[in-house]
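Some structures are shown below for you to check.
You will see two complexes here that share chain A, one where it goes with chain B and one where it goes with chain C.
Moving on to the complex of A and B:
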């Protein structure tokens, strides 16, 4: 049985799609970034920040982390729904995961924006 | 909730259950995914240190030039690559590619072989 907390009534297909779209983006990002750093190795802080501080990089990273958080939430949730049995345990762990991912998102947002404000 | 728990056969001796390779890869996908999520705070912390200051960046560069740190990094990379390949397998199965029994088994083996090969190649780059 799907409980109200475990998902909305229309959750199924949307989550299925978000899980896969985020996977495709992150996979593409990983391959592209790995290839880029192989082609242009980063040897010092200046080169590193030249890459990181670029608007394109930080935009791509922002999309990456949004994908990552959505992907992690959907994945963790389906694991919880399969293995965490008493409802209150599942509920508590889900809330903690959600808060953790939210905190991570805020942390990443300030990390990506702090460069601009220097 | 409890009605179906009563009369179903229970045989959960894990040593006697032989999971087919597709099952092994499937559970590995979950385990690696959970571990990668648990590694997230560490990853973002490392990113924060690398961005915050030149001394932080240099400290990380020095840390990741040591053998133990590289072995740990290699393991984390394996987690990612295995999750990547088994995820790719899921995407292909969604597209009806490789869903016959033999192909699905072959694909499952291929994700393991691919991730191990990638780790060996990375090891040559990282551990030399």
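Moving on to the complex of A and C:
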């Protein structure tokens, strides 16, 4: 079989680890914030701003979104590897997904940094 | 009362497309296992083709899709099956005829993991000894009969049968990684560290669900991933 001769591309382990670790972080973050808001409900915009203004909150949110983007990228890439056979279709869709996720990342960074400047 | 069957029929040389054919057997025909029933049906219609050999769940020849689930006909009691009993070939593999599929890809993936002991030490006079604890590591691994029930029920294997090793081959990969007498751990892990060969497994666990020998390929794959992580960190 030809593809078996092509050898290994020495990859997959890093992506798999990132997928698992990002899932653990996002799960922990979701449970923590849900518990936090149950304990300290947020009623108005001022309270939101107060919560958001904390450096720790923004750091945790930044890590959350980095995890989310990494998780989404690896997950979508997995789906493409299974279902999109033609090289150019796969390549194009992958680039578009990457650009979309990059745009999401820039938008999140803008939001998180905006708060700091106020 | 009769036992009703609906069986996949296809001869690529003469048929344009596959069809399902109905058969009936008398309740008192004496068929205990599904394979008995198939043998009785073949007595009436000798054009029906399927593989079988040991008729006791040891050779793995008569693996097929029974009421939507892969299994061995010879150890599947007829009385446990909803009727009409729908029998199809193992999914995702090219059909040679009726219930007989071409398992070349499956065996190629098995070959790819080098299913033999690699040991560079001089051969001992009698045998390479293992402690009982070392031998125990192979329980639940060596019993695999390569019937292909697991790999052909795995969606990742359906999509990438040429590049993903599949649960059967991965179970055997772990069988040799776990063997205290094997000295090729590094080379074996090198071969497995690939986005397709190992990491197409998404822990769907159909493999463990259908294994007629009650083995757990999903756990073996987990062990391989753990070993790769240990090596990396």
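In this section, the second predicted complex is superposed on the first by the 108 of 118 C-alpha atoms of A that agree within 3 Å, B and C clash if a C-alpha of one lies under 4 Å from a C-alpha of the other, contacts with A are read in each partner's own complex, and residues count from 1 in each chain.
Here is the rule we use: a contact is a pair of C-beta atoms (placed from the backbone, for glycine too) under 8 Å apart; a residue touches a chain by one contact, two chains touch by 3 or more.
Everything quoted here is computed from the prediction, not taken from an experiment.
Of the two partner chains, chain B is the only one touched by A:45; chain C is not. Using the contact criterion defined above for the overlaid structures, shared-chain residue A:81 touches chain C, although it does not reach chain B.
Of the two partner chains, chain C is the only one touched by A:13; chain B is not. In the superposition on chain A, A:27 contacts chain B only, with no contact to chain C. In the superposed three-chain model, the partner touching more residues of chain A is B, compared with the other of chain B and chain C. Once the two complexes are overlaid on the shared chain, A:104 sits against chain B while remaining clear of chain C.
The interface of chain A with chain B overlaps its interface with chain C at residues 1. By the touch rule above, chain A contacts chain C in their complex via residues 1, 3-4, 8-17, 78, 81-83. Within the complex formed with chain B, the residues of chain A that make contact are 1, 20, 23-24, 27, 30, 44-45, 48-49, 52, 68, 72, 75-76, 79, 100, 104, 107-108, 111, 114-115.
On chain C, the positions that touch chain A within their shared complex are 105, 108, 112, 156, 159-160, 162-163, 190-200, 202, 225, 228-229, 232. Interface of chain B with chain A (complex): residues 1, 30, 33-34, 36-37, 40-41, 44, 47-48, 50-51, 54, 57-58, 80, 84, 87-88, 91, 94.
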